[in-house]
Structures are given as structure tokens and as C-alpha cells.
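Two complexes come next, and they have one chain in common, subunit A, joined by subunit B in the first and subunit C in the second.
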Partner chain A sequence: MKKKMTEAEKREARWAYLFVAPTIIGLLILNFYPIFNTVYQSFCKTGDFGKGNVFVGLANYSKVLAAGETWQSLWNTIKYALIEVPFGIVIALILAVLLNKKIAGRSFYRTIFFLPMVCAPAAVAMVWKWLYNTQFGLLNNIFHSKIAWISDPKIAWISIGIIGVWSIIGYNMVLFISGLQEIPGDYYEAASIDGANGLRQFFSITVPLLSPTTFFIVQTRIIGALTIFDLMFMVMDKTNVALPKVQSIVYLFYQYSFTNGNKGYGATIVMVLLVFIMALTWILQQAEKKIVYHA
Partner chain B sequence: MESYEAKQRMNTILTHIVLIIMSFIMLVPFAWMILTALKTNQESISVNPFYILPHNGWHWENFGTVWKSYNFITLYKNTLLMIFWRVVCACLTATMAGYAFGRLKFPGKNALFSLVLIQMMVPAQIFIIPQYLMVSNMGMLNTMFGLVFPGMVTAFGTYLLKTGYEGLPKNLEEAAMIDGCNIGQRFTRIMMPLTRSSMVSLGIFTAVFAFKDLMWPMIVCTNAQTTTLSAGLAKMQGQYGSEYPTMMAAATLAVLPMVIIYVIFQKQFVEGIATSGGKL
Partner chain C sequence: MKKKLVALTLAALMALSMAACGGSGSGSGGASGGDAAPADGGSSAAGGTLQVNIWDNNQLAGLQQIADEWSAESGVKVQINVVDWDNYWTLLEAGASGGQMPDVFWMHSNTAQMYMENDLLLPLDDYIAADDAIDLSNYYEGVVELYKRDDNGVQYALPKDHDTIALLYNKAIFDKYGVDYPTDDWTWEDVYEAAAKITEAGAADGVYGYALNSSNNQDGWYNVIYDYGAQVITDDHKGTTIGSAEGKAAMEMVRKILTVAAPQTVVAETGTDSLFNSGLAAMITQGSWMINTFYTNENSANYAWAMLPYADTNGNGACDAGERYSAYNGLGWAASAATAMPDEAYSLISYFCSEKGQKEQAQLGVTMGGMKGISAEFANAFEGMDVSAFTRAEEEGDLFFRPYTRNTTVWEDALQQGGAFLPAWQDPSDPAIMEAACDNAQKIIEDAIAAE
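Let's look at the complex of A and B:
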């Protein structure tokens, strides 16, 4: 049974619709129409400027799924995530714990660690590319080595991962610090009185009570890492022999959609990414119920 | 108790050592970027002997050369304008929608809010091809409108502001209601000013996100006159990738404005990012 709305309720509803209208209309045009359009395009062979779409059924899917390149790029992306996510999180957690103590120069350190977060990845990647330069780069000069950091397929994915870790540490650290500050100080006092040392306190108090924060960071970073594009695009030249072993799935999407102008094929790659990320999100949400400690 | 104090001091020293080593790792790329920018091309690739500091004079004029030859003034202007419009659009639409979702009752609220949640869940790459085609069909490639287009509304910001409004005490509005304010007045005079910190977070987040974005400006603004710093750098690298001092001077100029703003407003930056927890 639906109640009839009073005059005041009607007035409130009218204001509410007025307030949400710009956002909802915007989301429908900018995001929801594109979702359906991308799905539609993945079934089409695309002409120039999206005109003259020819319905080709599952042809794009059979091509994309049969291409070794697709799976290689997906694997490259996963490998990148396997470096960026765990290292970026563990180092950030250590730094956050250290900076959460009363220590001189706290905000100075924090400012430095967070610095890469406000730098355009395009510029960061250019600088690292120069550091990695085989002949003239700083790294090979310091270590007196001749390592082909970004053109040896066996190493290049690690080199890119290192840039990713360097870039993200400060961001993860700041999130960890705000999580740490919510843990009541008396827990640690009580533990000290009971004779628990620093390490024991870390694993028995910090880790479980920080788990919601940790889980949030893990989740956002996994999704972030799986959609990596800028670093690969800026560091890897098109002629780089290591490119096929490094390019991410979004890089592949960009290449097909905007360099080769094959938007139907590009849309299909995005659909593969979408399915992959949705599946992963679902798994993570199931895992959250088991792993995260809810006080 | 002396051993306890000695242990504490040892701990502090060890902590500082770890933090200093880490700071060093974080700063080396920046230092090398600036030092390379000050060298001559010849010097930057002279490996043996290996010089850290420029030894043929400090070539500050490299910055001037890059500034002029790559039209940095245009890139700065485009980037700044794009950030400005995106921040204005995001804050305005999100604060209105956030208020309605957080404080008002209306039929269909949950269904409409689920649109916001769905947008946040799907990877943003799924929007790009159709968004590009829309901009292109409107004949708006290489325009400011094209740059701002995907950022006109924000699901994430709406969610953030909704949380902000929900956190405000209920009786605030009741008092205003008794005084005879309508909903519009309650919103603009009482509620909106109270969510200032959420708005600042959203503004900073939007600005940093727009500043860092590479793919969108690269595809909608292919022209060097209309593009942003990020996409401009990508263009430069393609053309002059092996002139290292030039490239490093360009990179320095590209990161400098945001770094300066960050150092001045670092408290707001760090809090903004930490409280919003958005995916950058």
C-alpha cells in the first residue's frame, strides 16, 4: 500500500529532483549511454568516426579471444599488479608505522614520500626512462652495469613495476596513517603492561585493527594497477623489443581504438577487461567477509 | 631504567635511518631531473668520467628555451582552465546531488543512487570510446569543452558529499525549518557551508586527477595549441626524446606548478586524499 504524499513531502521531492538532475542526466549521457554503446560497438566493425557501424556478431570476440596478444597483455598487467600492489602496500605500511610515532621531522618525511602523487605520471615516466637509459642512465652508471632496464623483456616489466611502486607508496602511506590514528592508544599501553614487545603489538593489535584500511587499499590498488596505462605508454617506445612483454591491456585498448582506429576491436578489449575486473571485485567482496576484522 | 632509554634512543635513530634512506630514494629522480635539465646535451651523455653536477656552468637558459619552443604558456593555460572548469562542475553538481541523496526523502532515491554506485564500480575505460565519439560528432575535438567533457559530473564526488551531508546533525535543519526557510535556503545558507572540508577534498582530488590524466587529453586534443601539460609531454617525447636536458627541463616545468601548490597546501592535500580515498 502506497501512502499518498503530503504537500510538504511533494515539495521536498521536487527540490530533491532538481538537485540530483544535473548529476543524473550527466551520468546517463557521459557514463550509462557509453556503457551500452561500448557493448554495442564490440559487436560491430567500426567505420570512421563511429559512422557506418556494421554488425558483425561475435567476430570481434573470436578475434580478441584468439589473439595471443590479448592474453599476453592481460598477463603483463597481472604481473605489473603483482609488483605494485604488494610492494607498494608493505613499504607504505612500514613507513606509516614509523611516521605514526612521535618523531622529529614527521611532516617533512611525509611531504617527501607523498610528492610523486602530485606529479603527472607522464613526467615521472620520462624521468625514470632517463634513469633507466642503458648507455647514459644514472642507474647503470652508479652500479657500473650495462643492464637494459627497459628493453630486455625479462627485466622491463620489473622496471615498470618499480616506477609504479615508487609512485604509489606515499598515497598508500597517507591512507595507512589515517587508519592507524583511529586505533586507540590505550590498546598499546595495555599490551605494554602485559609485556608484549613492539613486534608482537604490531601483529596482535595493528594488523587486525588496520585490516579494514588495508583491505580498502588492496582493493583500490588492484583495480588501479589493472588499468595501468601511462607508465607503459611513456616509457616504452613503439620500437622497443620488450613492448609485447610489457604492454598492459589498457595500452592494447588504446592502440587499437585510437592509433589504429579500430574501435570495435578496442571496445571488445574493454569488455574483456570489464569482465575480468567485475569477477575480481566479486571475489574481493567475498574475501572481505572472511579476512577483515570488524571490531 | 637507563637501558630502556638507550633502547628508545636506538629505536629513534634506526627509524630516522630508514626514513632518510627512503627519502633519498624518493628524491633521487627529482634531483636527477633538475640536474640533467641544467646540463648541455653533450654533458648529459658524457658517461666517463661521471659527473653528478653540471661542470660546464649551470645552464638555466635550458628552461627558457624549452618554455619558448614548446609553448609552455599555452600548455599551462589549457591545463589550468581544464582544472578550473572540472573543479567548478564537479563541486557544484556533487554538492547538490550529495545533499539530496544524503538529507532529502524522495521516491526513486535508491534506484537513482545505484546509478552513482554502478558508475564507480566499472572501469573508466569503458566510457572512453563513446565519449570520444560524442565529442567528435559535436565537432568539439581540440576545444576546452572537449577536455572538460567527461568531468562535468562526478559519481565519486556525489558519493563523497553524500557521506559528508549524512554526517551532519539532524537538528540543524529542523531549527531552520521552524524559522521558515525553504529547502533551497536551508541548503545554501546552512548545510552547504558545513561540508566545506568535503568540498575541499573533492576539489583537490578533481584537480590532481585532471592534472595527471594522460589518455583523454591525448585523444581529444591532438593539437599542440589545445592540449594539456601531460599530453604535451608525450608529444615532445615523441619528437625530441633523445635531447635529455631539454626533456628533463620540460618535465620539471610540467611538475613544478602542482608541486609548489602541494608544498604550500600540503595539509589540505594529504587530508583531502586521505579522507576522500578516491582512486587516483
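Let's look at the complex of A and C:
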């Protein structure tokens, strides 16, 4: 039952298209072209410097799917996400609630917690690398311990996860604060009059009314965590014993595509990740209907 | 429902492209080596500036000084950007694929053939023929050959330098634990015995007699393999003898030394050069390109160099021909085939590689020359430190060219990691692990060559 556009509406639409054109062109060139190229390359034995690609059908796929390191890296990535996403969200939520109250030095604390987000990820990783160093690291120095934080395969993945949580808290916190400010103060007033204490108010008002924000953060952070690369790349040396148990799937992709120059194989690894993220996103969208509370 | 599916696909695809960006982003992030460098390291001839990429920060000051002299003559500015080794190749390859290479840059044995075969480098034959300052017979043959394309004999780069390997030791540590200094007559067995004493006596101080990572190949265990009569890559670049009896004997020697060296977890986190400079390792092997790092260290008065140890394979107690090998390698100065200023680019390369430029490079202590006969200038560059072990290595010992094939990185990286030598580094007490590692290494190299 579409109405025909009037002349004025048409003119308006033309202007609208003009204004979104830069973004659309940017997306087409910077995102969509690489995406379809990646899909194409995953079916090729790629030549040097992007020249002379030979179509090989599913050969890359059978190799990637049969390789143990693919699944190990995917599992490593999931383990990383299992640390970063829940802890990054819960800690950020607590901080956001505390910093949403009228306390002295509020913007000072907000700035402090947001700072990691402003730092270059490479610089963050270098600092943590030295904190974790077994021989000279600050952590072992303070605790008088000899823990191989990033070289012991049993704990290295947790150490990397901690850096991830530390880096993302500030960003999640800012999103939560903006979500909190959307909640009308009347609800809390009414609850106070009815005799609900702070904790009860948090779980009965804040959590459900914040759930759209929470869901947004969960979804974007899961995708963000599954595409993690820089932490492992910067913190761990190539000869680190724990690397096979920590390297993410994007790290594996980088290793094959850029270090070994085998772009077809690398593209196939990313296709595995793509399918995985698509499946996960579908599950999340189903869950959204049940979990998220729309006021 | 349909709408949802589209949204879902887009969301997932976005994640995919994020992954791709993550990869390349980190490459170019390292590329600029600071915000000052222009975003396109490419052929930006418009400003009259040549973009030069190198990977060794130690050489930046010296090379910039030589380049500035050239600028004074030619009126063309030179901007040298340092990109660390790993990212250098990622960036150069991305630049080559996208047509945005720097004008002038270093070439290396690992990838030279691949770049030459794909016509990405400026052919230099005509320039060299017309240039009085360059005569290819004055340079180290191995380095000249390396940058000559196999199938048509065209020269694509001029020799910038050459390098050898020597043993570096900290006299203060040897004095403290009462162990005799290494000499040029040491075998690898002698290294083992000295390292054992120091590691045992120094346990309380956290001092190790020796430090060697599985990634110290050219400057480390490759040399032992050649001493024992095996080859990492055979002369025809089509195979390896790393899994032979000789190769296994060599790696067994390495394994013995590892039992008294810094554990693998330590060298993977801290790096052998940092351990040495912190006074926590008594001996390491190092390449001549690293001298400046140690020469400028505050403790450099305690540092001394000896020739690489040898392997007394015939057991006569003396070093015979073929028992002491040092790897050597040479970088090349190459220009992009797509540069907007080919004449200027060659002129700069010629200046670097002319007798004047080569002597200056040696005198400034940047590196040993790619031109023969200027070793003395280099040795004199380090006042108070005797670096003659590097030049004696080529006069008194044998040299082998750094092992390379068409796509060296594939097997070279794999050898350092879990499927090959890393388990033996992790647990050097068990000879069976090292032996298995040699067999795995043999297979890795053969498979990689077959895939080239």
C-alpha cells in the first residue's frame, strides 16, 4: 500500500541519497569489495602479489577443515571471548552504576577508566608484555613469584584475556552510562517510596531497563572478541611455547596470508570464522526476543 | 524473516571485513614507524622526495647521513623510514600488490627471487653499464649473484653490505665465576663445558652460561649444522640434509648446549640480546649487523668477540677446512619498478654502493661493506672494541650463504615452532625429541620446496 511520492518528497530523497553517498561508496570500496574478493580467493591457489590466481575449488577448504590448528585456534578464540565478554561487561556495568551517582571527582574517575580505550593497542600490549615478563616483570617482582604469565600454556590465555578486559572496560562503561541516563528517575523514586533498597532497585529496575544496551554491547563485543588479533601478535613471541594454545583464528589467518604469502589458505580460514560468527549471531538474535525487555 | 537474514549476513560480513582490516592495519601501523612518515610510503615524486624503507633502526643515523650528502649533490630529498623486520615484508608485499612501493628499499635473500620474477624491481643493467662508479666484480660474488634473476640474468639490486657471525662474551661474568675466556680455538664442546660451569655457579644470581633461541638460526644453530657437514638448504636450493646423520649430530651438540643454556621460556620472553646486555648471559652468537647495539651499551668495556667455535669432526684437535663455518648474507639496494623517479633512485643506490659510500658506511660502523677490500675501515669504526672476529671468520674459516629458497619464510618460521625444533628447545634433556625434530624439519623443508 505504498503511496506515490510527491515531487517534494522525491527531491528530498535525492538529497538524502547524496548525503549518504560518501558512506555507501566507502563501504562498497573498503568493505564489500574486500569481502567478495576474500570469498573468491578462498577458492583459489593465489599467486604472488595478487597475480595469477588459479581456481582450485574446495581444495583449500578440505585442507583448512582437516587441520588441527584451525580448530585449536577457533577454540582459543572462544576461550578469549569467554573471558573478555562477561568480565568486560559485568565490571563495566558495576563501574557505570557507581559513576552514574553524584560523587565527588566523578568525571575524573570516568576519564581514568576510559583512558585504556584512548591508548594505542600496540602500546598497551607492549606495556603488559613487560608487566608479565617472567624474569624482570613488575608482577613477579611485586609478588616475589616466578610465574610464566605468558609462556605457560595453562595460564597464558587467561593473561591475554585480562589485557582484553582491561582495555575494553572503559568503552563498555561509557555505553552503560548513556544507557543508565535514559532510565527515568521516577522509577527509582517510586521504588524508594515502596521501600525497595539499592540492590533491589538495581536488579528490578536497572538491569531490565538497561537490557537493550546490554544486548547491544554483548553482541558487538562477541564479534569484537572473536576477531581479536593484536594482543596475541604483540605480546607473544613467535617462539613462545604457549602460542599454539593462545593464537586466535585471525592470528592464524595473518600468519598464512601475510607472513607465508598464502592468501587463498588465509581467506579460507576467515571463511570458517565468518560461518561461525553468522551462526552465533543468528542464535543471539533468537535469544534477543526472550531476554531483552522492551519497556 | 528475509530482512532478518539480510541483516544477519551483513553483520557477519562486517565482522569478516573487520578481521581483514585488523590484519593489514597492523602492518601499515608499523609501517610509518612514527606519525611523521607520509601515509603512502609510495612513489610520491611530486614533492621531490625519495621514500626509502629499511628495517634496521641501528643503521638509520649512518645511512641518513650518507643520503643527506647525496641530497646535497642532487637536490632530491631522501626520507628513510624504518619498519621492523616482520612488518617490513608484510608492508612491502602489500605495497607491491597495490602498486604503492617505496622508491628505494632493501632486498633480502628470503624473497629476492620472488620480487624479481614478478618484475616489481627496477632492472639495473643499463644503469650499471653507464655508471663508472659501479663495477660488479668489486663486490662479494654471492651477494651479486643473489640479486641476479635466475632465468634472464638481469641485475635487480646492488650489494649494500655483507655480514658474518661471531661469538660474543661478557668478560665480567667469566671473571666472576673463574672460567677462562673463549678463544678462537674453541670447539662447540668447549662452549658447552664453559656454559655448564657458569650456569651452575650462576644459578643463584640468575646468570646463564649461554642463550640461544630457536629463532636464532642464521646467527646461531645453522652454523653448527654446516660445521658438522650438513646443509640446511643444499647448493641447488632444492633440498636439505638437516635430517641426515651429520645434521642430527650437529643438533645433538646444540641440544647439549641447550641443557646448560637459558630455558626456552626465558629467551622467548626476553630475547638473547637483552639477556646479554642485562648481564644475565655469558655467551651468545651474534651477527655483525648487531655490533652497534653492544658497542653502545654501558657495559661494552666488558664485551669481547671471538670467532665462532668449530666442530672437530675428524678429532685431530685442530680446526681444519670445513670445520668452522659462518653464515654470510648480504642485503641489496633495490628500487621499485614503478617509481616515478627511476634515475634519481638509481643515483641514490649508486651513491650508497660506490666506493665512497661503501667506505663511509663502514667508517660510520653501519655494517661491513658489500664491496670487497674495505674491512679495515669497518674494524676501525669501533674504537676500543676488537671486531676482527667477523673479518677473520672469512679469512680463516669457511662461509656459507644464508640458506634460502624461493619462499624462505614458510619453512624458516615453521622450523622455529611447535612442529619442528621448539619442543626440543623446551625439553633439551631428551635426545630423542631433538632427533625427531630433525626428521620433522627435513620434511617441513621438503614439503615447502615442493609447494613453491
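Quick note on the criterion: the second predicted complex is superposed on the first by the 266 of 295 C-alpha atoms of A that agree within 3 Å, B and C clash if a C-alpha of one lies under 4 Å from a C-alpha of the other, contacts with A are read in each partner's own complex, and residues count from 1 in each chain.
What we mean here is this: a contact is a pair of C-beta atoms (placed from the backbone, for glycine too) under 8 Å apart; a residue touches a chain by one contact, two chains touch by 3 or more.
Since this is a predicted model, take the numbers as computed values, not measurements.
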TODO: Report clash or fit for the pair subunit B and subunit C bound to subunit A in the combined superposed model.
DONE: clash
- [ ] In the overlay, answer first, second, both or neither for which of subunit B and subunit C A:L131 touches.
- [x] first
Open item on the list: According to the stated criteria, A:F113 is in contact with first (subunit B), second (subunit C), both, or neither; which is it?
Closed with: first
TODO: Report for A:F253: first if it touches subunit B alone, second if subunit C alone, otherwise both or neither.
DONE: both
- [ ] Using the superposition on chain A described above, determine whether A:T239 touches subunit B (first), subunit C (second), both, or neither.
- [x] second
TODO: Check whether A:L82 is in contact with subunit B, with subunit C, with both or with neither, and answer first, second, both or neither.
DONE: neither
Open item on the list: Between subunit B and subunit C, whom does A:I277 touch in the aligned arrangement: first, second, both, or neither?
Closed with: both
Open item on the list: Tell me which touches more residues of subunit A here: subunit C or subunit B.
Closed with: B
TODO: Look at A:V54 in the shared chain and tell me whether it touches subunit B only, subunit C only, both, or neither; answer first, second, both or neither.
DONE: neither
Open item on the list: Just checking: does A:I291 make contact with subunit B only, subunit C only, both, or neither of them? Give me first, second, both or neither.
Closed with: neither
TODO: Look at A:A66 in the shared chain and tell me whether it touches subunit B only, subunit C only, both, or neither; answer first, second, both or neither.
DONE: neither
- [ ] For subunit B, sort through 3-11, 57-65 or 75-83 and name the stretch that clashes with subunit C after the overlay.
- [x] 75-83
Open item on the list: I'd like to check the shared interface: which positions of subunit A are touched by both subunit B and subunit C across the two complexes?
Closed with: 30-32, 34-35, 38, 49-50, 122, 133, 135-136, 223-224, 226-227, 229-230, 233, 237, 250, 253-254, 257-258, 270, 273-274, 277-278, 281
Task: Residues of subunit A touching subunit C in the complex - done: 30-32, 34-35, 38, 48-51, 122, 132-136, 148, 150-152, 223-224, 226-227, 229-230, 233, 237-241, 243-244, 250, 253-255, 257-262, 270, 273-274, 277-278, 281-282, 285
Task: subunit A residues touching subunit B - in the complex, by the definition given at the top - done: 9, 11-13, 15-17, 19-20, 22-24, 26-35, 37-38, 41, 49-50, 91, 94-95, 98-99, 101, 103-105, 107, 109-124, 126-128, 130-131, 133, 135-136, 138, 141, 166, 169-171, 174-175, 177-178, 216, 220, 223-224, 226-227, 229-230, 233-234, 237, 250, 253-254, 257-258, 263, 266-267, 270-271, 273-274, 277-278, 281
Task: subunit A-facing residues of subunit B, complex - done: 12, 15-16, 18-19, 22-23, 25-30, 32-33, 36, 44-45, 47, 50, 92-94, 96-97, 99-101, 104-107, 109, 112, 115-116, 119, 121-134, 136-137, 149-150, 152-155, 158, 182-184, 187, 208, 211-212, 214-215, 218-219, 229-231, 233-234, 237, 241, 244, 247-248, 250-251, 254-255, 258-259, 261-263, 266, 269-270, 273-275, 277, 279-280
Open item on the list: Taking the touch rule as given, give the residues of subunit C at its contact with subunit A in the complex, in rising order.
Closed with: 4, 8-9, 11-20, 22-24, 26-27, 29, 86, 89-90, 93-94, 96-97, 114, 117-118, 120, 206, 213-215, 264-271, 278, 280, 407, 409-410, 413, 416-418, 422, 425-426
